[in-house]
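First chain A sits with chain B, and in the next complex the same chain sits with chain C.
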Partner chain A sequence: MPNSDAELRRLIIDWLDDQYHFGDAEQLIRDDEQSFLETGVLTSLGFVQLVLFLEQRLAITLDRAALTRENFDGMGRVVRHLRAHLGPASA
Partner chain B sequence: MSLTGVAFALFLPLVLGAYWLLPRRAVLQNAVLLLASLGFYLSWSPEWLLLLIFGTVLDFGLAQVVADERRPTGVRRLALGVAVAANLGALLWFKYVGFLTDAMHALFAAAGLPSSATAMAVVLPLGLSYYTLIRIGYLLDVHHRRIAPSRSLLEFATFVMFFPQIIAGPITRAGRMLPQLRDARRLDPTRVAQGANAFLLGWWMKGYLADWIAPALVEPVFADPGAAGAAAHWLALGGYAVQVFGDFAGYSLLAIGVAALLGLELPVNFDRPFLSRSMPEFWRRWHISLNTWLFDYLYGPWVTGTGWLRGRIALTLVLVFALSGLWHGARWTFVVWGLLHGLALAVHHGWDTWYRARCRVDRRWVTARKHAAYALAAWLLTQAWFLGSLILFRAEDLGSVGRFLRGLLGQGTGFPAEMDAITLVNCAVAFGFIVVHHLLALPAAERVRSLGARTPAALRGIFYGGVIVWLLVFAPLGRGTFIYAQF
Partner chain C sequence: MNTPSIVWQPDPARAAASQLARFQQFVEARHGLRFSTWAEFHRDSVVSFRRFWSDFLEWSAVRRAGSAEPVCEGDTIERARFFPALRLSYTGTVLDGGGQPDAAVAVVECHEAETPTAALQVREVTRGELRRDVARIAQALEAQGVGPGDRVVALAAHDADTIAVALAATGLGATWSSCGPELANEAVLARFGPLEPAAFVVTGQYRSGGVRHDLLARAREVAAALPTLRLTVVTGAAADAAVTRDAAQWPHHLVALPQLMAGTEAVTRDWTLLPFNQPLFLLFSSGTTGAPKAIVHGAGGTLLEHLKEHRLHGDLGPGDRLYYQTTCGWMMWHWTLSGLATGAAIVTYDGSVATPDASALWRLAARTGVTVLGASPAFWQYTRDSAVSPRTLGTAQLRALASTGSMLDDHWYDWARQEVGEIPLMSISGGTDIIGCFVLGNPTLPVYRGESQCVSLALDVRALADPAGGPDELVCGTPFPSRPLALLHDHDGSRFHEAYFAAHPGLWTHGDFIELTARGTARILGRADAVLKVKGVRIGPAEITGIARRLPEVRDAMAVEQRHADSPGGSRIVLLVVLQDGVALDRALVHRIKRAIRDGASADHVPAVVAAIPELPTTLNGKLSERAAREALAGQVPVNRAAIRNPEVLDLIRALPEASRDHPA
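Let's look at the complex of A and B:
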């Protein structure tokens, strides 16, 4: 189970590679605040698939009300939202 | 009072004058906007103004209850349920009661049973489909704590009834509009220039493109499908794509432009849809405010929720687009149109899943997808599907769809009416504009775009002046209605 922020990032990049970018995801995401939707990293349909994947992989249920662009449109946003949900990383 | 009509040309300067000349306070600016919006709505549909006001006041009051954490959860949920049911109930009654009674009558007749159901013709209040979605979105956002409820009825009513958007959108969100209405707006020359630009482009697209193409190429053929020759049918179909795009994207630009002149920002509603290379992309570019609404309040919650639809992406797409079709109009043609688009999205999802599986094992599939031939085939397929679906969108009934399809395949002869040289030139300009408008958005046109931005103000002024003169000379008069206002 991913624990640190870096592991969560890796998990998302691996999923993006597996589903959409086939090895190019790391290059496409230039910084944490880059919008996934505006830069073609993810479409709105893919966004829903990412949520389903994260819920399944991390065995969590995300708050439906929090499934917004503010929380999911960008690597930093997703990681911060997951961190708030999962609690601090354990050592 | 049409946004491209003479009455509006007198109305808008009066509103702008009062709005910007009064002391710069949010409450005064909102009061001017609300009065203008009431006047605007009265000019269109005085008989339904009370319904609009009543529903707005009801939603404002119930949203306070929904947000009040001191109240029991059951009471808050009840308030939300009543508010949403009232909105949907009004929509169901005014928009669908005739359709439902007709369907029931047909069902009884098909089963050979006597039916006492009589066809009911109820007039649809103007803008009901739009303001219902705006208000339901607001209620759900308050319920989910995405936004705080508006504490000012003036502010909330101004948001719901804002005159540029009330009859045909864009479907605005409270989260974006209410903060703009909360503070006093400043007169910003850059925004005014952007607003004037959007307004002029919208006027061009609606008042010229759509209104030339429709009577010349579209209406004569669709009035009697199958009677004219195949070429006339193909031109009518292409013309209808230009008409509906010019009409609706044009209206959206007019609304965005007027809002910008008032210091407010409405969401972009169209983003060169004819460049799309897949149906999902098409729906991210066409009627964006409706599709993001459907995505945020129906598709997303259904697919990621805990219900039966969780994870059933293809089925949910079909369902949501069937509802989108029904939202467009209470006719079977719209339902089939929506289902066809839902089906196209579901097929695309299946294809995409299959293709991505190939990409995982062999990079050559990734390369093939980036090839120009793949892009061209994908573009052709997407545009052909949309174009074909427009027959359903325009046809009065399913029988006319069949006749139009036969017409496309070559039955019947000739054009329904002679076209004079002026009509031909204007139709060619309309088609040409759509092509250039889209091509200019491509990355390869960056140099041309920057050239436009570097053009001296005087030259730009002459160009805009020329466009206005062209519009005054050629824009047809007396065709002030908008296709999407009927929905």
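Let's look at the complex of A and C:
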């Protein structure tokens, strides 16, 4: 189970690569605050798939009402939102 | 099996007033008959199919000339020819819409908003405007030498311009063939290359997912590879500017649609009545091997079948607004276009269903007054997974949903009832091959959970039992007008025979599994052949495996559909690869394979899973057996295991961890 923020990032990058970018995801995401939607990293359709994947992989349930751009449109936002669900990373 | 629950019942008064009921009364009065049940009426339409089509032609009042006799020459499906002495105009009938006035709305054109917070862009085109535009475009195309026998191809968005040019071209007797912008150039050329087209239509720009795409820039490569082209017409917003930019580098005459129409007169046109079997549309059916096959569909057969489906099975008519989630590369685009002939308006959308958010399409339906909305199970799933509740979005005007493209599982009937409303969910299914449907809705019958309401009128749909104990196979036993005229360049008909008649001589073999119930309802149970239907898109495995095999690491490949509840639409593509000696399937190679398929075909073609096996399952005759692989992926013992040369491979496939049905998509 991914624990640290870096592991969560890696989990998402790997998923983006497997589903959409096939090895290019790391290059596409230049910084944590970059919008996924506005830079073609992910479409709204892909957001739903990502959410379903994270729920399954991390054994959590994400409130659909909280699936806003503020919470999900960017790597930093996703990780922060997940962190709020998962609690602090353990040592 | 127990009778499933009824999830929708027609209102008796509405059912009695439906076009289906009125047509039945017409037939009864005309021939002194009396049908007490739908089953009786349907049976009569099959047994007396000639009389049915003659009656329907008369009842639907299609403007025509010549003789309606003979109705059908020949008794075998493979050779029969409907209405060989009749002439009509597909374009004229579609534009007329049963005598709709000029002021009536014909097309509601929608474009994705320019920004996430901006409003959807909506433009209404009246019948009068569409009639004039189509007439002027036809006049201009004619002046450019486009006429009967020519082929006009399009790489285009689903919008009003594309509709107008398509109707103009077909009105002149040219044959229309279109691909949506989602298809990569290589796949477009695999389709258009053999057509030797005279004219090319390109939507200059389109929007999807918040991004504006310059389609014209990409289309230059396509145009350059089609030496028979004499003309490219650029449509859509900013067409003039795009032409100014690109004209000097274009390999032939490039013109924007407004420029093309500039020298024409704003008059309506008395459309020439063309032979019933005039080639109208060229569609592509991706087979299990080789390049996509080009299917030639005739004007009369397409028109009559679509009118029958829309008016009788869908009760579509004036006052309705039809929207189907499609691109112009899929037959549902042609099906939607023909909806105009009923007097209904059609709604087009150039954009993503997910932009600005998951409610986009439902809001579009509410805003434009869509009454009949069609999509695929993948879209229902996307809506559900996004926690969008359509009934809260102002969609009360919806009176029916249609679903096609993939099997529709039972639970979607409950979802539709709870989240959309007390309206019928019509599970319709057929295909590109017949440019129509074998199973459909019915305004006079209930909807049973998980089932299509009925079999299409005048089509002798049968469930052929598999002696080996597998599911029944869908075949059709009597001639029907929307059977393709031919496959392109198949001069002796041998490929046509092989594709549809070789498996069961004398019967049209469609390639689907089906269950027919004693109540007259039906369930489509998936593909019987190797064709893939994923996310509502029909995909020929050869388009995937052909690209995979070009990678030096891949010796052989097989693409198989796997039912997978968590995947959009309930199924996904698994690509089984045999690698060269010494090559291992690591993530980097999986990505290279997927990237090559995306870039060479489309994102829809990309397999969800790539898995390596030592060899592909083959029959004792040496043929690849996708069916055995599919059944192994489903965790079953393949029905034809005894006929497989290397059955141990099936055990390996069944045990593949990445292809486990529990493994994430």
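One rule holds in what follows: the second predicted complex is superposed on the first by the 91 of 91 C-alpha atoms of A that agree within 3 Å, B and C clash if a C-alpha of one lies under 4 Å from a C-alpha of the other, contacts with A are read in each partner's own complex, and residues count from 1 in each chain.
Keep in mind that, in the parts below, contacts are C-beta pairs under 8 Å (C-beta built on N, C-alpha and C of every residue); 3 or more make two chains touch, one makes a residue touch a chain.
All of these numbers come straight from a predicted model, not from anything done at the bench.
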- Does the superposition put A:Ile60 against chain B (first), chain C (second), both, or neither? neither
- Examine A:Leu45 and indicate which partner it touches, taking first as chain B and second as chain C; both and neither are also allowed. both
- Task: Applying the touch criterion given at the start, work out whether A:Phe22 contacts chain B, chain C, both or neither, answering first, second, both or neither.
- Result: both
- Between chain B (first) and chain C (second), which, if any, makes contact with A:Ala89: first, second, both or neither? neither
- Query: Same chain A residues contacting chain B and chain C, which ones?
  - Reply: 18, 20, 22-23, 43-45, 47-49, 51-52, 64-65, 67
- Taking the complex as given, what residues does chain C use to touch chain A? 116, 209-211, 352-358, 360, 382, 385-387, 566, 568, 587-588, 590-592, 594-595, 598, 603, 664-665
- The answer for chain A against chain B in the complex is residues 18-20, 22-23, 43-45, 47-49, 51-52, 55, 61-62, 64-65, 67-68
- chain A to chain C touching residues, read off their complex: 17-18, 20, 22-23, 37-38, 40, 43-49, 51-53, 56-57, 64-65, 67, 69
- Item | Footprint of chain A on chain B - complex, ascending | 144-146, 280-281, 284, 292, 295-296, 299-301, 303-306, 310-311, 313, 349, 356, 359-360, 363, 366
